[in-house]
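Below are two complexes that have chain A in common, paired first with chain B and then with chain C.
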Partner chain A sequence: MNKAYYILAAFLIILGVGLLVLPERDRPDEASPRELLGDLRNPSRFISTDKVAEMLIDKDPTLVLVDVRDMYDNLDFSLPGAHSIPLEEILVYDWVDSLAYEKSKVVLFSNSDIKAEQAWLLLKRENHNNIHVMKGGLNCWFETIIQPTAPPETAANDEIDRYEFRKGASIYFTGGSAPIETEAGAEPVVVRRKNKTQVVEGGC
Partner chain B sequence: MTGPLIPMGAIGQSWDLVIALLIGMAFGYVLESAGFSSSRKLAGVFYGYDFTVLRVFFTAAITAMLGLLYFGYMGWLDLSMIYVNETYVIATIVGGLIMGLGFITGGYCPGTSMCGVAIGKIDAMVFTGGMFVGILIFSEAFSLFEGIYYSNSLGPVKVYDSLGLSSGVFALLLIVVALVAFVFARIIQNKVKKVDY
Partner chain C sequence: MQFKHPNRSFVAFVITFIVVIVVGLLTLNWPDLKYQLSLEETVEQIMLEEDQIFPEDLVGIIEYEDSAYVIIDVRNPFEYINGHINGALNIPTNSLLDKENIKAFKQYATDSLIVVLYGQDQLEANGPWMILKQIGFDNFQVLMGGYHYFTTGPLDFYDMPEVPAYLVEEPAYDYYGIMEEMGSTSFEDAGSSDQPEVVIPSRKKKGSVVEGGC
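The block that comes next holds the complex of A and B.
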């Protein structure tokens, strides 16, 4: 019989024995359901729109924004520097490792929380730990950063400071136009014109 | 995990048929190159003068099995996402008998008959014609066979699970069985009178 047959037979046996002697491999790249439940209960995955705005203004290099909406929604509007990875493609490529470093903060967002939460769950299942969700999504971004509502005059200083920050952020993100809003309960200012002083005409 | 490529979304589902066509063409080319478009060669396995079919298909099965198991072990392939056909016990036995009868009388299986047709073999054309008549009868009279067709469903079971073995032990056993079969096939082939075709 041909010598090659013996070599091939030996090769197959070695591969077969190899399957037996290989140690059981841990699968650290998948979170267990119990861990996942614990993470779901923990609200630390959320990051506020204020924090995102602050990081964007500070040009924080650790921030990696990911828009999980459809590509067309992303083309209509998105946050500055955001990467578009639609939810349907969230597991297609190992993009987390290519976009983010160990210390990076990957922040997922969609119009509301729903798609971003689904994407977070899928990525968490793959054991990515630096993934966050922008709380409230772009709807909240518009309400809080682009068109902030003024707090009442009796509000705490923190709240007023936050409002001042949001007004500044709004100017930053909308290209310099300050938001126009009326303060709650403030009376409209009535401009009273003074009667012009009659200039004495003529005379002697 | 990167595979399987289509269920994982690395390749869009709309490419299914294109990929199937390319794999089918490659498969047909290999079958024809191995001489499987000859009904005499295929029938040789039943008469004992040519066991090429046994060797080729058994080796292919073992190679695929080892590839899948090692890829799964390395984390390149999610084995849980591989589609496994459901097992219908009665239908499989009846279908196997009919297929075997067709194989030994016609000298072809469905794939190899297509290879024969592609190179213009008349017996392969007759076989393929018969196959399509069979498909037509089965389709038209499906309501009669439906009971048998769906009976004794075991779901997508795997042999090693039913035997209570690990996949590694089963793989090694199958390799040993294949090698023993190859040796016996060689012994039988040497004893049977050679047929020139």
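The block that comes next holds the complex of A and C.
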């Protein structure tokens, strides 16, 4: 009887030692490769340039833009208010915790969408949610928002509405051509006002 | 009846105990796919940008039926039937990690074959490449420009512009130039500060009218 207990105890100790030898899983909370593949099939990670433009114009506080290109590219041009976090540093910072709140919408972008998607996959493996990719990247941004092309006159109403929105957005983001045009149109008015003031001044 | 003997009941207990542990170990769900690269190593691999194949290089590989290459189409079967690159196999993205495919990929690796992945565009094959890379397949490459460029774009080296269209991460526009041309003086906060800047001068003029009126 006693002997048998010793045997059982020895067996349990061996199992316990086995537990010690087991390799440690360094990141137990990582998404598995199969989960990543499943995420890849879900197109909801993509956000259109129109949607980003709309959120920027509305000054949506939940929008967090992240430019994953090199610092050097970022100096040349970036979206308004975008944070610059180059792809090689995407894991270095604890930026996701500091920038991405529960309801925030982190949107990654690069010149196209390849690098942004690579960054997205890395963050997805770390099990971060609310991370999105701007479809088409900055090239698409310039093609659709900054320099939109007019749809044919036979186009559906939706498409024409979208074009109207993009034209407005282009003016908003470049701060440019159209307001200057209206200013030019308003110039005669300004001149008249000046005349008026002169008249009033003269009257005083 | 036999359990009345203390030793025997004890032996039965030990045997069931061992059986439970062995069954537990056997049915334990060991992950069959494990990451071979850590996240940091993956970033390093991405930054190298080595695993991308130029479309003009693939033309030669197909022409000479280079046996060192396997071409895999990751698009769905309908797209594949409607047209695909000569000699390509069809393994849609969602079945890439199926057991028989993983087995085949391991065979390719031992035969030191290079596997070229392509989708409709480069993006479609990029995700699958990254996942396969992270689970330890080093012999996969992505076709730049994807099927779309391969069937439409110029593939003759001498016909190509200085920056071919398949280099999608290259800026297609002169961002700074366009923003400047369109009137944005400081592009960085084009949305927030430039717009008021345009409005403010006219308001000042209005103000001067009021001042003058007094």
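Here is the rule we go by: the second predicted complex is superposed on the first by the 148 of 204 C-alpha atoms of A that agree within 3 Å, B and C clash if a C-alpha of one lies under 4 Å from a C-alpha of the other, contacts with A are read in each partner's own complex, and residues count from 1 in each chain.
Operating definition for what follows: a residue touches a chain if its C-beta (ideal position, glycine included) is under 8 Å from a C-beta of that chain, and two chains touch if they have at least 3 such contacts.
These numbers were taken from a predicted model, which means no experiment stands behind them.
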Could you say whether A:91 touches chain B, chain C, both of them, or neither, answering first, second, both or neither? both
Just chain B (first), just chain C (second), both, or neither: which does A:113 touch? second
Answer with first, second, both or neither: which of chain B and chain C does A:40 touch in the superposed model? second
Please work out whether A:22 is in contact with chain B alone, chain C alone, both, or neither, and reply first, second, both or neither. first
When the two structures are laid over each other on chain A, which of chain B and chain C touches more residues of chain A? C
According to the stated criteria, A:13 is in contact with first (chain B), second (chain C), both, or neither; which is it? first
Just checking: does A:57 make contact with chain B only, chain C only, both, or neither of them? Give me first, second, both or neither. second
Have a look at where A:160 lands relative to chain B and chain C in the superposition and call it first, second, both or neither. neither
Quick check on my understanding: which residues of chain A belong to both its chain B contact set and its chain C contact set? 1, 15, 27, 88, 91
Taking the complex as given, what residues does chain A use to touch chain C? 1, 4, 7-8, 11, 15, 26-27, 30, 32-34, 36-38, 40-41, 56-57, 73, 76-78, 80-81, 87-88, 90-91, 110-115, 117-118, 121-122, 125-126, 137-139, 142-143, 146-147, 170, 172-177, 179-180, 183, 186, 190, 193, 196-198, 200-201
Of chain C, residues touching chain A in the complex: 6-7, 10-11, 14, 17-18, 21, 31, 33, 35, 38-40, 42-43, 46-47, 93-94, 96-97, 122-123, 126-128, 130-131, 134-135, 168-173, 175-176, 178-179, 182-185, 187-195, 197-199, 202, 205-206, 208-209, 212-213
With touch defined as at the start, can you tell me which chain B residues reach chain A in the complex? 1, 8-10, 62, 66, 69-70, 73, 75, 167-169, 171-172, 175-176, 178-179, 182, 186
Chain A residues touching chain B - in the complex, by the definition given at the top: 1, 5, 9, 12-13, 15-17, 19-20, 22, 25, 27, 29, 88-89, 91-92
